[in-house]
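Common to both upcoming complexes is chain A, partnered first by chain B, then by chain C.
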Partner chain A sequence: MSDAHQGTRTDYRDTVDTVGSIAARRMRLLGLIRKETQQIKRDPSSLAIAFVLPVVLLLLFGYGVSLDARNLGIAFVVEQPDADTASLLGAFRRSPLFEPREYRDIQTAERAFSARQVFALVWLRSDFARRLRGHGDAPIGVIVNGVDANQARIGTGYIQGVWRKWLAGWLREQGIDGAPPVVLEPRIWFNAAVRSRDFLVPGLIAILMTLIGALLTSMVVAREWERGTMEALLVTPIRIPELMLGKLAPYFALGMGSMLLCVAVGVGLFGIPLRGSVLVLLATSALFMLVALGMGLLISIIAKNQYVAGQMAIITTFLPAFILSGFIFAIGSMPAPIQWISHIVPARYFVAILQTLFLAGDVWRIILFNSAALLVMMVLLLGRARGSFRKRLD
Partner chain B sequence: MDVVARILSLALKELLALLRDTKSRLILIGPPILQLFVFGYGATFDLNRVPIAVYNEDRSAPARELVARVVGSPNFRLIREIGHDGEIAPLIDNRRVLAVLHLGPHFSQHLLHGEPAPVQLLIDGRNSNTALVLLGYVREIVTTFGTDWRSAHGQAPPPAVLKVHALYNQDLRSQWFIVPGIIGILTLVVTTIVTALSVARERELGTFDQLLVTPLTPAEILLGKALPSVLIGLIEGGFILLATLFWFEVPLRGELGALLLGMLLFIFSAVGIGLMISSLATTQQQGILGAFLFLVPAVILSGFATPIENMPEAVQHLTVINPLRWFLIVARGVLLEGDGYASLANTYWPMALIALISALIAAWMFRHRMA
Partner chain C sequence: MRLRAISKTFRAGGMEVRAVDGLALDIARGGITGLIGPDGAGKTTLMRLATGLLTPDPNASSATVHRSRQQRDPTVELRVLGIDVLAEPMRVQETIGYMPQRFGLYEDLSVRRNLELYADLHGVAHAARASRFAELLELTGLGRFTERLAGRLSGGMKQKLGVACALVRPPPLLLLDEPTVGVDPVSRRDLWSIVQAMARDNGVTVLVSTAYLDEAEHCDDIVLLHRGRLLGQGPPRRFSEAMRGRCFHVSAGSMRRRALQLRLSRDPAVLDVVLEGAGARVVARAPGALSLPALAAEVSDLVIRPVEPRFEDAFIDRLAAAVGSGRAPAPLPTAATTSRPGSGASREQPSKATHAVRPGGDAPPIDAPAIDAPVIEVSGLQRRFGRFVAVKGLDFEVRRGEIFGLLGANGAGKSTTFRMLCGLLPASAGKVRVAGLDMRRSAPRARGRLGYMAQRFSMYGDLSVLQNLRFFSSAYGLRGEHQRARIDWALATFELEDIQRERSGDLPLGFKQRLAMAAALLHEPEILFLDEPTSGVDALVRREFWQRINALAESGTTILVTTHFMDEANYCDRLVIMADGEVLAAGTPMALIERARRPQQPEPTFEDAFIALISAHRKASEQAA
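Let's turn to the complex of A and B:
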């Protein structure tokens, strides 16, 4: 930044003594906020992204999207039906997870399998009952469609569960003591019913706040640079921190509003538990919102135009928040270099806070550590944005 | 002849506008490549070296054998062996470990007396998916341990056993599932946004009115705007496909032509939707937000990460108007399941229909707005 430039501004401020007074400062700020708010009202697409998109996403994730397999189609091949095969088929029929269809030969079943009509194929050969009642080890052939590896794994687990339960019942009926030597007693903390909705909806808040803070803000501010109205603002007596505050305040309010909407719908409609304190949720959300706004502001300054700003915001903020934050995919399972990259994604820290606050409660170690990371990012981003504002002026 | 020349010159102008400055060029080339690699490696549902803790109160040989099998699996990484109950909660609460395996003091006693020996597994359920997958892994190890123990102690094998085999993706690699999906997502995002903004930009700057007073008809303008987007989509999609095959080494088991035909129809439908958005948008902000309001649900309801079969019936019906849903079937079908033209015909015509209808709506909207 040039000293001369700074000098003229200071001189100007000194000559007009009302400019620096608190009352004048407040008036300038309020005026700017009012102008921004008017602008949001005038173009309803901003309000759409702040309120329509959250509702759409909430409904999608609350009702539409689920990682929990259900109604899995199974082609159940019984080459020679008898009481034993009927009891195994009955076990699958009773499970709400499966929709078995019976086949007599493997060829027709394979056709249904390759036409993607069923997820798995269970094959009981003609000698099944004989071997079951003979020396044991009767094979049950299971072929699963492995294209979706995750669903294949979970679906296989469910098939194994039905099989284990059926086997125990069958042995009891025959009066054979064949209890498995080791039994696993799983206890899933925080989400005993293992509902994926309880896991996805809290993380969604981070995605939405990223959208509003970074995408919307970067485009709005980039438009001002594009049209030159930002330069016009900068030659008014307004100071840079005031300008930033005035520009960001309405979007801060929008972001917090959509967060509250998310919490209300999530807790009220979807019955997602909020086990931590509301105060911590508000405070950490405000912190994250400031980080997101900082990113948006910085992107707008770098990009100079709306097209580049929009693309940059999607690529550097939205997509990483979706993929690299732990929102859906577990960070711990990613390769080390990707895990390193995830450390510079602010949403990562906020998603960790959100998932803990909603499902586990106030775990201070997690809240404080992640908030500290967000605080550092906020200072860096807003500081850098402020510096870049000055540079753009020269 | 004139018509073709007019359309081509508009398309050329459009292409030049897109590639004019370095930043715009970079934004078209750099990010898709970056995303392909970050997502290709980052978007995984597999569990690799997940931190766990063991609380073993039974120092006997069978107990240690079972623990060794769990800890020795490449899916897990032993962070700590703990000595009392109180250590469990902080480890899980603070996300130091994803699960704690607990063997009580009488584990081997039960085992030797032929009573079912309990093994506790405490799992952090904050990520419900990893919790289920982890449970599946441990259950498999425990079941195998039980079977081995029985046969080692001269007991009869269980009367029936499951022999599970995964077709198309034998090792159940998430990457083979995710990377073909990324071809669709990146192609859709780039094509839709480029198209949606091409008209909106001219409108915002006022140059669209100038276009309208040229000899070009509205249909010609639309074609001229669509052509560069199709070209960019094809280059983008083709490049990502090459990386899928040669970098990520996803197999190509079906007919390549069937995949390329699907990609072309998919790009047509993305361009059609982009034009529809641009016919509604008068500013770039509206254009990009409109594209977003389409893209986000399109990606979520495509079966990219969460299966369509898990969605409620009504939502499943809704997905038929989503071109990405159809393209994902084509990409995964050709690459993994060995599909050809015949078995994919039922995905081609929905995409063609989406392209046609959206283009017609866009054309109608343009004429309507000008009148």
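Let's turn to the complex of A and C:
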């Protein structure tokens, strides 16, 4: 076979660019990016994390998980029905928050309550109408199921709200004015409908971007170590910044694509408002994506097998982003030490930006402060990754 | 390449392992240099040091130990192509080509994409690529598979693609770390012709490490390593010439080969003995005519003739000198410890059975196993996975006390057959009887009577040797006095007493293998299944292993073995060669070798016979397709 080759052989030295030239650098970088893109296309799991998981989570949080109290079953005990009790019952019926069921005696109602068929008991005694018309101090008994403390608090508030509103209307009807000297009239800003979905979905975007940036990236780099492809890559003219950029660019694109999908589904399907500017959203998302990628790269430098990398990414990035970012649990109501810890969770800053952008608009004070924090983190993380990424095995 | 005072120490679990120990070495430009040494000799570490992937330790013996880390120790020197690797690792990495042991292929990319990636990384101009790729694809025979995913290639083709990727831009120096490990003989031959073509036509200097000693003959220069130290360097012929006058072929028509080998291995004049052809190949401890008076007195037709020395002989000689003794392990205590009938002591002596006349008349008398009812009967055995037929109708029989081999290239259906025989996988069609039991109906009962040693180390690495033996003996249902007796037997027979408290995961490969074999024999199985028991094991351990297997077969245990080492075929009494799920040939190793004898190949080896069979089969199936 060698004889046949003698004729066709060319001297390749002429055709090879010098290693340091811009053309050679560009060729290497594009080659890596192309390779990574093809691998992503062939790997169903990374596509699933980027595009299927967001939709599933959005649907779950959008429809299923809700922190609101809605359609609460109430046992409405009316011992002696009359026009006034019917009017009050009607007020509860009209509210979208409640589904009252009428009972005549407290015993049956309590049984339903114990069986958790209803969430709360509203008890109008037989002297309700008499006392209301008599001295104007008609007490109503309210018993709430306190197992879910959050729901109990919200439910109690709602019941009081309906009661007060009805009372005010009733007084007006009776021509008694000025009876309640102070009327509290709460007005809720930024999320007037008080839909928890509107604040969960922006937070979810931060979670998903953490997942793609840190988990996916750390695992694909670890995979290269595990399969030995990294060892072969290291002994080529490739430079470390090229290697890092070649990894970052495709996953950056993937993360941003996933973010856009989330925004489209959130705004389009769930009608979540986007009050801030799209440009600011893109810029801050890009910044956060780089932070997440920096975490992923750092993890992959420490953990050189996929299993460990995955575990580390979940524990150090995903779980904190879920719990300590203010995505679900308000940071302000956490104990002080945990609040301090939450400051090192990058998702915290991004969740703040996102919730502001979606629900309030371009509030520059919040956006700039949190972006600055993210910028500092990005520089630290990527700088550290660059510093500890070596073309060495030991 | 120039190395001075190069050491590299690894820390693992509190132990320090000196992988490379004060190496001083020069490797000349041009030609092929082979890096040869047993497992753990430091071959891979040396390659990685040369690529700048590892940095050597500071020189402990020089006075400059206490220098700060920034300052270089002038006694430690590592130059590749004149470039100081320690100062400019990037420049070395830019210049050389390297194929790591776990080849750096992207299995989820196609052959072409892999090539393109490395062309991009090495800056091969787009205009030059078409002709370059065509040339490499022709050289490697991968032209038909350019769009196939690398992960779907056979082991041999993957390695060829790995070499092609390292050659997209012919480097002045190419480092190949065990490119032929786990590759079938046909692909190994192809790989070597690719490497030789590169060295000859493109002036590429090649440094290649290998565990196959017969490959040494392909190299121009040999570097022999052992435990990180240099044992010798020179052209392969110089190694083998030193052994001239010490290599003999010994045969005795009236004595069975295994018995002969056992006798020879105990002889003080003998350094090494392996089975070959109709007799045994012997390396004597000292040059001069080999005289075996004790044996000659016993056997009348003893024939001793000198043979050409090989590189392997020199390797064994040097290693034996380095290790301190080339002594064979103590032979297994035989029938005395086993309580089974039929493994009678009479078989120790050459019995009448050995003189059984073979059909064909002039064929040399070969081991004739004891005439017993077959222990394994296979007929019309088939296995389908969906539409793919992995095993297409096998027929063979194995008799008691036989060593029966299953040979074939990767993907030939050996492992599938093996699993069906062990009852791990049900057959799609056909009959399998093992130890007189139908595997379809009584697989669990049959499994109690067979031992299985998996290809990979299947002991618990974090348990001690003793704990492993205890666990496996209880898993086999041994208890009380009997269990203790069997564990004591295993510890004594496999010389594991001194290390019985050690963590088995930390043991050297040879000990691990002994432990695995001991565990498979605890319940005194009639049949022992060995799936590629010697893959990844160096020549010394392989020898020791086969001596144990031989002794075991002598004591009446039936042994079924798969292997990809062609010289190991000589240890089998009979064997089948498989390809694409069917049997290409069956018979004794000698008979198969005889079939390959051609005028142009008067003295074929078993490997030649194997390659001839596989190539003919491939040609035939290509024509059919």
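Just so it is clear, the second predicted complex is superposed on the first by the 361 of 394 C-alpha atoms of A that agree within 3 Å, B and C clash if a C-alpha of one lies under 4 Å from a C-alpha of the other, contacts with A are read in each partner's own complex, and residues count from 1 in each chain.
The definition used in the following text is that a residue touches a chain if its C-beta (ideal position, glycine included) is under 8 Å from a C-beta of that chain, and two chains touch if they have at least 3 such contacts.
Computed from a predicted model, the values in this text were never measured in an experiment.
*Asks:* If you stack the two complexes on chain A, which partner ends up touching A:L279: first (chain B), second (chain C), both, or neither?
*Replies:* A:L279 sits against neither chain B nor chain C.
*Asks:* Looking at the overlay, does A:G332 come into contact with chain B only (first), chain C only (second), both, or neither?
*Replies:* First partner only, chain B.
*Asks:* Looking at A:L53, would you say it contacts chain B, chain C, both, or neither? Reply first, second, both or neither.
*Replies:* first
*Asks:* Could you say whether A:D43 touches chain B, chain C, both of them, or neither, answering first, second, both or neither?
*Replies:* both
*Asks:* If we overlay the two complexes on their shared chain A, which of chain B and chain C does A:A83 touch? Say first, second, both or neither.
*Replies:* After superposition on chain A, A:A83 lies in contact with neither partner.
*Asks:* If you tally the residues of chain A touched by each partner, is the higher count for chain B or for chain C?
*Replies:* B
*Asks:* Just chain B (first), just chain C (second), both, or neither: which does A:M27 touch?
*Replies:* In the superposition, A:M27 contacts chain C only.
*Asks:* Can you list the residues of chain A that touch chain B in one structure and chain C in the other?
*Replies:* Common interface on chain A, chain B vs chain C: 43.
*Asks:* Tell me, which parts of chain A touch chain C in their complex?
*Replies:* So the residues of chain A in touch with chain C come to 1-2, 5-6, 8-10, 12, 15-19, 23-24, 27-28, 30-32, 34-35, 38-39, 42-43, 227-239, 391-394.
*Asks:* Mind pulling up the chain C residues that touch chain A in the complex?
*Replies:* 48, 51-55, 89-90, 93-94, 96-109, 113, 116-125, 127-128, 131-132, 135, 138-139, 162, 165-166, 169-170, 175, 193, 197, 200-202
*Asks:* Could you please specify the touching residues of chain A with respect to chain B in the complex?
*Replies:* 43, 45-46, 48-49, 52-53, 56-57, 60-61, 63-73, 113-116, 119, 128, 132-133, 135-154, 156-157, 159-160, 163-164, 167, 170-171, 177-192, 194-196, 198-199, 211, 215-216, 219-220, 223, 303-304, 306-308, 310-312, 314-315, 319-320, 323-324, 326, 328-330, 332-335, 337-338, 341-342, 352, 355-356, 359-360, 363, 365-366
*Asks:* Flag every residue of chain B that touches chain A in the complex, lowest number first.
*Replies:* 23-24, 27, 31, 34-35, 38-39, 41-51, 66, 92-95, 98, 111, 114-133, 135-136, 138-140, 142-143, 145-146, 149-150, 156-170, 172-174, 176-177, 189, 193, 197, 201, 283-286, 288-290, 292-293, 296-297, 300-301, 305-307, 309-312, 315, 329, 332, 336-337, 343
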